[in-house]
Amino acid sequence: MVEAIKSGWITFKSIFIGMGVTIRHFFGPSVTLQYPDERPVIPDKARTKLYVNIDDCIGCHLCARACPVNCIYIDTVPATSDVDLGKTSTGNPKRFWLTRFDIDMAKCMYCDLCVHPCPTNCIYMVPDYEYSEFDRTNLIYHFSNLEPAMVAEVKEKAEKEAAEKQKQREEMMRKKAEEAKKKQMEAKKPPQQNTDGETGTKSDKSDNGDS
Amino acid sequence: MTQNLLHINPIAILVHAAIPLVIILVYALVAIWAERKVAGFIQDRLGPMRVGGWHGWAQSIADLLKLIQKEDIIPNDASRFLFKFAPFMMFAASYAAFAVIPFSSSYIGSNINIGVFYLLAVTSVLTLSIIMAGWASNNKWSLLGGMRSAAQMVSYEVPTIATVLTVIVVTGSLNLMTVTEMQSGNDILGFLPNWFIFQNPFLLVAFVIFFISILAESHRVPFDLPESESELVAGYQTEYSGMRWAMFMLAEYADMLLLSLLGATLFFGGWNSPFGDFMSGPFWSFFWFMLKGLLLVFVMMWIRWTLPRYRVDQLMHICWSILIPLSFINLVLVALWEVIF
Amino acid sequence: MELTTILFYLFSLITLGAAAFMVFSKNIVHSAFALMFALIGVAALYVLLYADFLAATQLLVYVGGILILILFGVMLTSLGYTFNFKTVTVNLAPASLLSATAAVLLIFAFVTTDWKISEIAEPTDTVYDLGMLLMGDYILPFIVAGVLLLIAIIGAILMSTHLSAENREGV
């Protein structure tokens, strides 16, 4: 009997304590944020949507290489010598046309790894988190600002120049080869063929480094 | 009574009978919204906020409009007639019970002498309609929910009736209007109203038992086993959709109100004002009555968001080995008290 | 025709129709629910006869109690969870003989009785008179019925404890 009364007392006491807790919360303030009307303050280091300031990008591919899910796609075309692409705001000279700079935000996992390697600090996260789309292809963001026509033109030019350079290089190589032959003729040393090949490749390499 | 009514203008009868219906419908809209708001506030949320401006007051109206448009899905293997009929029977049962509730000092649906007894009898049909819905759906969750609810309601009907009887022992009348009238005046300790809950300690115990049993009878947490979402999907309502489901919802909320109002009538003085003659006209009496009923409904909601659900065996244990013996002992004690004092 | 008469015929029709459906239905659960309609119809007829207490008792005891027990019995048996409990007719000849005899007896009683037709007088308080009668003139049957129910309850408890004790031994 005493046991029963005791356990009954405990039951009611615990129920009333629980109800006291809930009624305190009932009258307490709510923590709800009325989302479209009120917005949360995004902290500084929040990882959100990526943005590329394409004017500052030097096309170094460092961000694309850093990305663990490979969702940054960059195509570059070297600028021809007749155009000067200018410098970035950080003072680095720009040497490439960025014919393509796409980031697939559907694939991106917001790891922030692409942001830090960038030498010109031109890829960074902007505090925007509302960019859902009905079609997932819309989530591939194109940052390159070149028109398709321009892309074609630039490519053509670059190809031409490359071809020209190739020609020049061949010319130089030929000249060098001739010079080397002359030297060989003059020197007339026994291990003829071998040294000939070596010097040839060496000069080729140094050529490449210059351009 | 019947004979008298049959000679009155049919339209007058209809209007007379429709008053509780209007009250139920308005109450259901408010209560469903309030339930969500209470849930929200207790969980430090806000609940519905968008529809209708101030605190989303039109949310249930929007939900109702949505439900009306929904397709009325009937499972292929369901027992069609019973499946269609069950929600209406359930609502009819809880609506019919409102006939004997004295809403105000000047309005009662039907002033019959067997008042409470009629109410208990009619609400027992609710159980059958739930079994009907559960069985006709031809779905294991529905059937289990229906069986559970039947077992629960049949069991908890016993303590409910026993506690109602304790009040009846005091009043000597089954008519709820008379029961209410006996509680007017402010005589206890000089200022407390003459409500039965204050009249003797055993009636307080009776009220506690009564309240626990009506929680179980109206399937509220912690006794919501018939529709426990985490076990039975939605119990006997699983296969229902659209307006039929809405009928179930309506009937449930009506049942909740009915039992709360019954509690208010039996223990809290019905439509009597707590301040004696102050604010006690027919309109005010309606106001006080609804206020008391809705307060009990609020307590039900409050409990819902406080307590976890019982297991089936615990549910039966509470009923058969605690509430029923207690309520019978209490009945005898109240009778003794009445004899002595 | 008066409204009461119309109501009377309406409820009689419901009662009879439901009873017929109950007898002829092949599905036992459908029969049980038809029984419910029949019982409710009878309750309504009681109301039309000013026997409101009886009507409520009919609802509470038969619809709310016994019918639910029947449904429980049907559904909790091993076949209960399927849809296909078919009823089969057994003992066709003796059953029809018996019911025919009963019908003849009833009709005979109905025809030969000298029915007293009294004026409709609305009784003011059925419950009070009923209580007085039960506690006064009919106190003995009342107590006997009570004792009978008590014995039944004790029997049920004994049976269940016996069964569970056996189960425990089995385990």
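Chains here go by letter, A, B and C, matching the order in which they are written, and residues are numbered from 1 within each.
Note that in this section contacts are C-beta pairs under 8 Å (C-beta built on N, C-alpha and C of every residue); 3 or more make two chains touch, one makes a residue touch a chain.
Just so we're clear, the structure is a prediction, and the values are computed from it rather than from any experiment.
The greatest centre-to-centre gap from chain B, using C-alpha centroids, is found for A. Per-pair tallies of C-beta contacts place B-C first.
Chain B and chain C have Cα centroids separated by 27 Å. The distance from the centre of chain A to the centre of chain B, each centre being the mean of the chain's C-alpha atoms, comes to 65 Å. The mean-CA centres of chain A and chain C are about 83 angstrom from one another, to the nearest whole unit.
Residue positions of chain A touching 2 or more other chains: none. For chain C in complex with chain B, the touching residues are 2-4, 29-30, 33, 36, 40, 47-48, 50, 52-53, 55-60, 63-65, 67-68, 71-72, 75-76, 81, 83, 120, 122, 124-128.
By the touch rule above, chain A contacts chain B in their complex via residues 15, 18-19, 21-23, 25-32, 34. Chain B makes touch with chain C in their complex at residues 1-4, 6, 77, 79, 82, 112-114, 117-118, 120-122, 124-125, 127-128, 131-132, 135, 138, 140, 143, 147, 150-151, 154, 157, 174.
Remark: chain B residues 38, 40-46, 49, 302-303, 305-307 touch chain A in the complex.
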